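Each chain carries a letter (A, B, C, D and E) given by its place in the written order, and its residues are counted from 1.
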């Protein structure tokens, strides 16, 4: 059992908010891919972002790291604790200084996320030296620290592993290396984009465990992006449900998954709840197919597939809830009819 | 690793054997009697026959092949039918000339292609990148000899800055050597550079799409540094292949530029000996070229083992 | 009597892009003399001449090709007798000579102060050795010129006597060519790489594929040459040759290969153009041995169909001489026979109509030489206007053309320049020659011309030339001009190129 | 009828990797180490395992697309293994496949009609046009879908096309290899419903391969758990899920995140936690 | 020159240069135009410029069959070296008095012929071999590929010179040689493309449907590598045109009297100062044709999106 020792850096203690995203809007060419995305994450909080293809969940993660394509039009604001400026519209140099230090990311595909021609240890050490500043660029120290990190993420023989090339490691081991890179500088925010989708169930379990313990030890904020509801439920405390480039529902995991309000969330939960359906019997479904990115209907993005849609759904539903982190945007929310 | 090297060496040897047979068989097909060509038009049949015997042309093909190969392996390339001079030193002299030309041109091509191709890839959707890309396409479309003729017209004949043609060995007159080298190297290098630029561009574009570049940027490397530290080594693999092939094929391919600039290179030597039907000479040159191409490819293969650790199968 | 060579004569400006086998540039570091920019100052005593075809070897006793004597004869090697610009035989190493009454015994008085460049004096013994060696060791076909010699002996160090088996006008003439080159026995082993002669220049270095350089012979017995250093630089490409002169890499274009390009030197004060004539008859040859050109009417139709003036204007930019026969203007038996077959399309069509030659295409198989390619296209176009069907076929020269046309006579028409001096007997006197022309009367006349008095020779040769022209055995398109361009101030360039050599000794810079 | 739909006896498949050392021959990889099981007619049989466990190799052997090193595969009583392609006509009409990748399993250059008709063409079956329309109808696509190309459809629709193709020669056995793994969750239910409906309506035998335990649990009556080239446990689905015997099965079940357990308070650590 | 004859190896080098795909953007988040593979992208500017230039060459060739201002081989001593803009000869005449415009028009045929022969040989030999090499068992496929690699050792120019020497100089012979020299790039490209196709599930499905190897090769592999082949053909076409020019310069190209741009360029050399137009006109023609085919190739590459591995 490895304890991920975090070298806690003095952070702005006045507020526990790590990430604050306000009205994030992304357009690429004629496609409007993200609409008014607003959410925030506090220190030590683990937030899940659920969405199917085209929902804009990966785009959101890239926006957080300032890695959107050059020709994307971004508006809104992304503030990160400890960073004095808005990430939206920031210069590439400033963003580069933040990436890997204040915010780090774990991507989906461990097989291709590492440079095939560079030793694993060097790839870990690199992220340390990049952000070490002029004084701290001691290669040897960085390498030693890299081995230490590889040990912490549970690679057997971390010394040997550091000298290995990526192709010599299995998928799960590679993803551990990626996690080690992400955690190397004790970021205040870790973004994971489908980090275990490509992995086997048993490997997934260990990587999830690793991520959760890694962020807990650092008291870091986690944004965990996935399409798998049960993974979110297992890992996160709070959840954001995205569909068609919007956040359609948000709240504590137990709340949202027990009592979904948005019709999409409701349908999604029903369709994926194989446990409660009769074996071999029919499953509840959402009709139609997920439109491709940027081609969702206006008004309520879900209305083209929603059984409850009426004319009013052609207008954009307002956010119903106490704050952006709690509530939903639906004209005909579930639970309402029960109440009525 | 050792296995990989052995395997490639075996392939190299097999390729050499097969290609030597091809070369020899091809020579046997050449029309025109070498003895007749060597003796001139009015030689009597008797003297032609005598010459054929002297050349060994009357022996069975197999024995001709065997003795040729036996000599070749000892780098005893034999004696020219026509000039009756040892062949090996002549080829070496010409090879030196061509190597100067080709190597300088390739260096120039690289100096042009790597920065330009990178800029074109990084700005592939911006106007500056598109303009450069269009320019490189035009460069690819210009026949090298036309480029040579234009260079001569402008810089030698009109401006009189540099000699129009000729060749002086570097040890004889270094200044004249350099002055004479500039235009042919430009003609060859610019065109090769345009070709290479396209490869560098496409290779870097490919690499830029790789996930590990995204990882590098997520680590906090700027786009340029990410490319330098993680992209170039990977992008180099296909570019090295083209470079090696260009280098090898230019040994003969430079002949057109050699013609324009009156440079006594290997390509010109080959053309002359083909015309002379100096069969053994031609065989030797062609075989050496094939050897050069195969060796270059062999070295490139080994180079890959160094560049790309994935090819070194873990033990 | 067959010692004419074809086409390969670079001395007469033939554009044999591919003939010369240039070999490796020797990496040996010679002493200077690279023929770089000579600047053109009048005090400068080095000269670079741009030429076309590079020798394949320096040994013309075993290697054919005109490039070797072009470089070496009269410069390094000398002969007993020489030929002047008008085609007259003049003294050289032989001060004088006498011929016996029966025309079979020649007695030569030799100069007494000539020395080989290795230091040995030149004596009659060397002359005997040289003459005998032609018969014994030479392998090139030209050696046949010595077949007529029965005996050669040294009467003293300066007196040589040669006895022929039968009288021959031709023999003495041939003694002015490479066959008559005087060599020393000591130098024979290195003929191919180190020529040693008595000439005004000493061979210095051969950079294969590039140039041959000479330096002046300090011990020369005759008038010492002006230039101390001469380089012959070889260019395969006419444009490169021109550029070399324009950029002062060379001082003289020894043979202009592309007459069209003369335009850029004309009217330019920095250059001087020399124009004269050569021995090179550009012959449209017919295969007289088989249909359709075994039919006189077809041959005549072809001759009438050719507009020689227009042809020379288009393919040789109007330079050259129209002769109408196989005799160049510098031969003693020259006659202008252009009037025999004036351009007359109507006659050509009429003659052709009497035959069925127009039914199928005739094969015009030309060697891949620039003049042949360009004249071939004109000839094809002109013949087609007269009703011929012509299939133009370009054969690689020399290898393929030699075996197909020259050896196998597998052709109907060809175009090639016969550049050997006095080559009429070779081309048409031998029925086995590729022209396949068999005319017994002509053959008898030619034999008589060789053995008769010089006057008889002229009369009989004139008769033969006219007979050939009338019989349309071939069509001489034009006589190649001798075209040279030199930097202003270079003097002594020979106007006519009618010998095998490119004589450098008379050149000077004013 | 007692003849099982599929019977597999001691199936082994070895591959030899390219040699990596000068002296030793290439290492041998045993993809299957003696697998035996039977699938009864009309049964919905699941095969569960992680990547590299040999389930893909098993699928290829069942479909006669590869030859076993030893052992035997029988489909409806007839031996499949060891037969040359020419003698496999019966198998091609009785057993069909549905794949995971909704894009990669359809030739992008073929029209949907031709894709669906391919088994009919290959087996020289008649009435192609009518049959294709019928099949498209059956999987919930309009007949006009036949004129279009695969890329004009969404993932779920493409999987329907795949199913239509598999059903074309009226097979009695359907082999489904991770048919819903690449689909969006909201679409997955539609395709699962379609498969179960068709299997029920047509009385097919279904072999369903998946790494997703919940899907297998929902679809299949009986399940085989594979690990490292072996079947470690076979049994009725309910029984295995309720009371796994083999340690690997136990580990697998625990590692799979479940909404219920999560809402009940299970965290990531509980997926790996040592039971001991 | 050389450059023109340098083999362009297939594979990653000829890799696509899509204009819209962006490294950082996850595919399922991309807008539909840029997304699904198999979908053809809207061709870009280079495609249309290339198509226009190639179309021009084809048009000139077609026009030359029915009309040229003059007989392109007719020698007219009275009309030598007319300048551009002459009322009878819009592009002037050469030293033999032949009309340059007519030669350019008919030369377009030669250019197309040259490309078609070279690409035809390379394609007809290379495509089937590539597919066979991919489909054959390793034991047969490997030696085949080694043999193909061996061909790479004979550079195009060398092969063309040797072929011309053996079989006589003609356009056909030279271009067959260029075609043979291009075979390896076709084989390698088609093989790697075929291997990708063969590893897809639709091929597995076809096998399960009962399709034999023949049918799979013809109905699945061939159509799916055709995009790659067309792109490579376009690039090879350009190489062949350049090669013809280089060979003509060396005297191994199109023999007279057939008009050819390469030979026009070669013949114009001696008159470079007297009549530079004679070099400029065919020079521009060659450069535009090569540019056209290269741009067309680039455009098609984007259009076909041959990155089959992108398919998810």
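General remarks:
In this section, a contact is a pair of C-beta atoms (placed from the backbone, for glycine too) under 8 Å apart; a residue touches a chain by one contact, two chains touch by 3 or more.
The shown structure was predicted, so the numbers you read here are calculated from the model rather than taken from an experiment.
Taking the mean Cα position of each chain as its centre, C sits at the greatest distance from chain A. The chain with its C-alpha centre at the largest distance from the centre of chain D is C. Each of B-C and C-E has its own count of C-beta contacts, and the greater count is at B-C. Centroids built from CA atoms put chain E at 48 Å from chain A. Centres computed as Cα averages put chain B at a distance of 22 Å from chain E. Separating the CA-averaged centres of chain A and chain C is a span of 90 Å. Put simply, the C-alpha centre of chain A and that of chain D have 32 angstrom between them.
Chain contacts: chain C has residues 18, 237, 239, 396, 399-400 touching two or more partner chains. Counting only residues that touch two or more partner chains, chain A has 53, 67, 292.
Shared contact sites, meaning residues of chain D that touch two or more other chains, are absent. Chain A makes touch with chain B in their complex at residues 65, 67, 71, 92-93, 96-101, 104-105, 107, 109, 112-118, 126-127, 130-131, 165, 167-168, 178, 181-182.
Every residue of chain D that touches chain A in the complex is listed here, in rising order: 44, 50-51, 154-157, 184-190, 192-193, 196-197, 200, 211, 213-215, 217-221, 237-238, 251-252, 254-263, 266-272. Contact residues on chain E toward chain D in their complex (touch as defined above): 36-39, 200-202, 204-212, 215, 219-220, 223-224, 226, 311-312. Partner chain C is touched in their complex by these residues of chain E: 73-75, 77-78, 80, 95-97, 164-165, 168-169, 251, 255-257, 267, 269-274.
Interface of chain B with chain A (complex): residues 125, 210-212, 214-223, 229-230, 233-234, 307-310, 314.
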